[in-house]
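In the two complexes below, chain A is the common chain; its partner is chain B in one and chain C in the other.
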Partner chain A sequence: MIRATTFGLLIGLLGLSFTASAVDPSDKLEDPIQNELYLAITKEVRCLVCQNQSIADSTAPLAADLRREIRRMVEEGQDETRIKNFLVERYGDFILYRPRFRSWNIVLWLGPVALMVVGFIALAMNIRRRKSLPIDEDAP
Partner chain B sequence: MIPEFGHIALVIALCIAVLQSVLPMVGAQRGNVAWIATGRPLAHAQFLFLAISFGCLMAAFLQNDFSVEYVAKNSNTALPTMFKVAAVWGAHEGSLLLWSVTLGLWTSGVAVFSKSLPNAMVSRVLAVMGVIAVGFMLFILLTSNPFDRLFPAPFDGADLNPLLQDPALIIHPPMLYMGYVGFSVPFGFAIAAMLAGNLDQQWARWTRPWTATAWLFLTMGIALGSWWAYYELGWGGWWFWDPVENAAFMPWLVGTGLMHSLAVTEKRGLFKSWTLLMAIAAFSLSLLGTFLVRSGVLVSVHAFAADPARGLFILIFLGIVIGTSLTLYAYRASSLETQVGFTHFSRETFILLNSILLVIAAGVVLLGTLGPLVFGALDLGSVSVGPQYFELVFLFPMLPLLLAVGVGMHTAWRSANPRELFRRLRWPALGALVAGMFVPWLVFGSVSLLTALGVTIGLWTVIASLIDPAKKLRGKGPRITRSMVAMQLAHLGLGLTVLGITVTSAYTVVTDEGMKPGETVDIAGYTFRFEETLPVSGPNYEAIQGVFTVSRNGAELTQLRPEKRVYRVQTSPMTEAGIKAGWGRDLFIALGEQLGRGAWSVRIQYKPLIRFIWFGCIVMAIGGLVGISDPRYRQRARAKAAADGVTATA
Partner chain C sequence: MAGKLKFLIPIAVFAGMVAIFYKGLYSDPTLVSSPFIDKAAPVFNLPTLYDDQKHITEAEFKGRISLFNVWASWCPGCAREHEMLLMIARDTDIPIYGLNWKDERQAAQKWLRERGNPYTVNAVDRDNVTGIDWGVYGAPETFLIDGEGIIRYKHIGPLTPEIWAAEFLPRIETARATLAGADS
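Up next, the complex of A and B:
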């Protein structure tokens, strides 16, 4: 118990709990395009029982199950959207590392855009104002 | 007895910090010379007692005093001595003590290296830093005392987390803390200046070298962390956009903006309130990072709710610090703006663009880091934000920023002539564009639009940084001052890092294979032959070592020996990668699981230009070092000291 708490704190300290990487050669798909898709999806799917780790990197049994499931769907020829929809339906938004554009998640996508817009307006206003002020030529 | 001494020393340091946050400040507000004069000695005394306290904790580790709970949880008799030292800051309580000692060191540093500043100003800065110190020491003593005893004492300790048993992790936390605690100095200067009500260009000149020092430590701290993650975590990633990394990255982004904005404030007397705001923001983000990492809120919002004492303390402290500074800012900063202008095409415009984009970049990271926490706390649903999100949105501010760096550094102050600048930069820019598009294609056989853009921007920044020094070497260019060298080096480093990131991300080759001894795998023109596995024994772990021979075109290059370690006390398996480092590429092997019948799963990687990522950071930090060494800061200091001496004697 004590060790578990300590480890929790250490996770807090460094935020990383990758004790070992998942290296599973049996996962590889024959078709290189399908393999690419499979890798991309598993990197984006969160391991639900780990501390901030994708199922591609996790050694947890649950992650292995999910990898197998995704591999099967890729082999069946299902596309990325369909596989992700399935995952979100089953596990909720938490499963995907790239939040989907819906409900409150929209804030996460519109926020950066809004920041950029506000930033550039502020920049433009400031420059306009400064242009009309005297440039003091003899300042240091 | 030693732990009790440490505890008492900490209590004394707290008392001194209380005095330090009151006496010099009241003295400065009332013009009481005697009270003002208490600032420096109190700062040194506070640091002294913190250092004693820290030394006592270290002694407890070196003596294997497992009656101290913190030592029992994080050390072991078999732990090598250098890791016992590192274990002092290996977990929550000790790392907070390190935070406080670091703050003490900075405070003491301000007291020593500010002889030329008006005493009232220095005493205000020291008092502000004293307030921060009080907050942190109270936090340690009330919620996280590293000197707490454990009864009965265990026979042996639970050992340090094996992930942290690494040389880079000995210096990574102190570097990182030197960096983000260091932003307390510009923060202190900002608050002091607002309290005093005089924000002249002098203020910016005092603050600049401190900011650059903190920044260069933070740069190195982040780079070290990234390097460690790369070789220690076992799968060759170098940045994960984990909240804990973001916690250090946000102050770095704003701190970088602050350095630039300070340059304008010092040189032209412009952007005063914006600079102040960034000084406040940089340190607030450091505190926020501490909150995120220390409160347990990252592990889960529910863990935070279950044991809220620590989190709540920092949250309240954070609220007080940020709230007070922003209130002060609202009262004092609006009337500051100098009525001086510049044209739309000038160095000022570019630096304003720079600091706005850096703040936006920090904002984007903040949004992605806090968003899920806020959603979770408000029951708006749970959402994950990971690399796939950050890598996309981070480009919004970063692409225009990186494009502008090379132009901005050649643009004249006040008003620049776009035609003349175009004439000067067109060939280098065209060269970067052509090379960026064709070189990756020639070397790696393919190139995507984003990769070409990244390489072009990286090369462009590198070339732009070298234009003036190259001219100088041919004896033609204008005089290059020390601060210009600093800027060129820092931007050169940035360009190298961008190149490294782009090329590594685009052209890394990874393969996971099941291999038996005697089998070979070919990737990226290299042949990896799995020779055998050997049992290896370390001081506190057992390991299986894989022996791999790497050859190219039949000629043997090197042998790599990745390990799979099991530490005796904390039995989780650790991957120790085998890496052949090189300027052009790294070869990387990690052992995975045993697959049976002598076969192992193995991850083999070819990572081109990955060293550029950290090498660029080192060059940036050297740039910072050159900037600090500018005699300008000391010349003025000497002149001021001389002038003070004259007034004193007269």
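Up next, the complex of A and C:
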């Protein structure tokens, strides 16, 4: 019982934890929908100076400049695709954490699915072959 | 025969993956290739370092092969490559245009006064507007721009004689040939 309570508390604490963010929370965009979009995009854009941080997390000057540009574009009413295109045109696909579907990375996207299909075919063939075997041959 | 060798397939696939990951292990993730290679230099319009009233644009690059060097007085890598820039300015006829990036005008002028000025002219991008348009993410960076205003190469980090010889000179030769062909 106590153990369950402790566990529950720990899980609750986990929910309370939050990641550090370089975005000044008091510096919100007026329109809540635009603010949402701004936060969502900055979380998905890689800070190229500190590559394992998003620009939402990074305090690097370049990240601040990119946040400013994204903010400006969001305020101008541009949509997510246009803003991301703006960044990719300048910094390449690497700036997005979620890679885009491109001809050269098709293996990355379809590879796992293809492997699974191959696996299932092999499994099906194996099962069918075993089914056609005389029963006593499989016996120890 | 084919059936007996089937066990080699997973081994071959595994070996292939090892080769790919091994290569990945030694590639430097900070060297992000520029999407601007073989594309026209992005437009800009910036005041010059010594005259706030004068502006330069990407039209400067037309008609000759040039370098566009991103630098700042706060940047240690820029101090390391400065000798190299001075040498290029002295020994070649390739103009070096500077993008004084996220810097203070006074500090930049002081820097050039103390260390010598290899630049033909400097554009001042204090707020990193042109920098973002050019995909700059740190100083120093050096773009090679051909006679038609097309970016042919981008080097990230300080220029060295080795990089100059290996990456820049061959491309400059190619650009020269194209430029000569266009003139005749």
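Going forward, the second predicted complex is superposed on the first by the 103 of 140 C-alpha atoms of A that agree within 3 Å, B and C clash if a C-alpha of one lies under 4 Å from a C-alpha of the other, contacts with A are read in each partner's own complex, and residues count from 1 in each chain.
In the analysis below, contacts are C-beta pairs under 8 Å (C-beta built on N, C-alpha and C of every residue); 3 or more make two chains touch, one makes a residue touch a chain.
Remember, it's a predicted structure, so these values are computed and weren't measured experimentally.
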Who touches more of chain A, chain B or chain C?
B
Touching partner for A:33 - first (chain B), second (chain C), both, neither
neither
Using the superposition on chain A described above, determine whether A:66 touches chain B (first), chain C (second), both, or neither.
second
Touching partner for A:49 - first (chain B), second (chain C), both, neither
second
Determine, under the contact definition given at the top, whether A:94 touches first (chain B), second (chain C), both, or neither.
both
Report, in rising order, the residues of chain A that make contact with chain B in one complex and with chain C in the other.
51, 92, 94
Help me check something: in the complex, which residues belonging to chain C touch chain A?
29-30, 32-36, 42, 102, 127-128, 131-135, 137-138
Mind pulling up the chain B residues that touch chain A in the complex?
73-74, 90-92, 95, 158, 161, 163-164, 201, 229, 233-235, 240, 242-245, 267-270, 293-294, 296, 298-299, 303, 339-344, 348-349, 352-353, 356-357, 359-360, 363-364, 367-368, 371, 375, 380-389, 392-393, 396-397, 414-415, 512-514, 564, 570, 572-575, 590-593, 595, 601-603
Sort out for me which residues of chain A touch chain C in the complex.
48-49, 51, 61-62, 65-66, 69, 88-92, 94
What does chain A use to touch chain B in their complex?
2-3, 6-16, 18-28, 43-44, 46, 51-52, 54, 57, 59, 92-99, 103-105, 107-109, 111-113, 115-116, 119-120, 122-123, 126-128, 130-137, 139-140
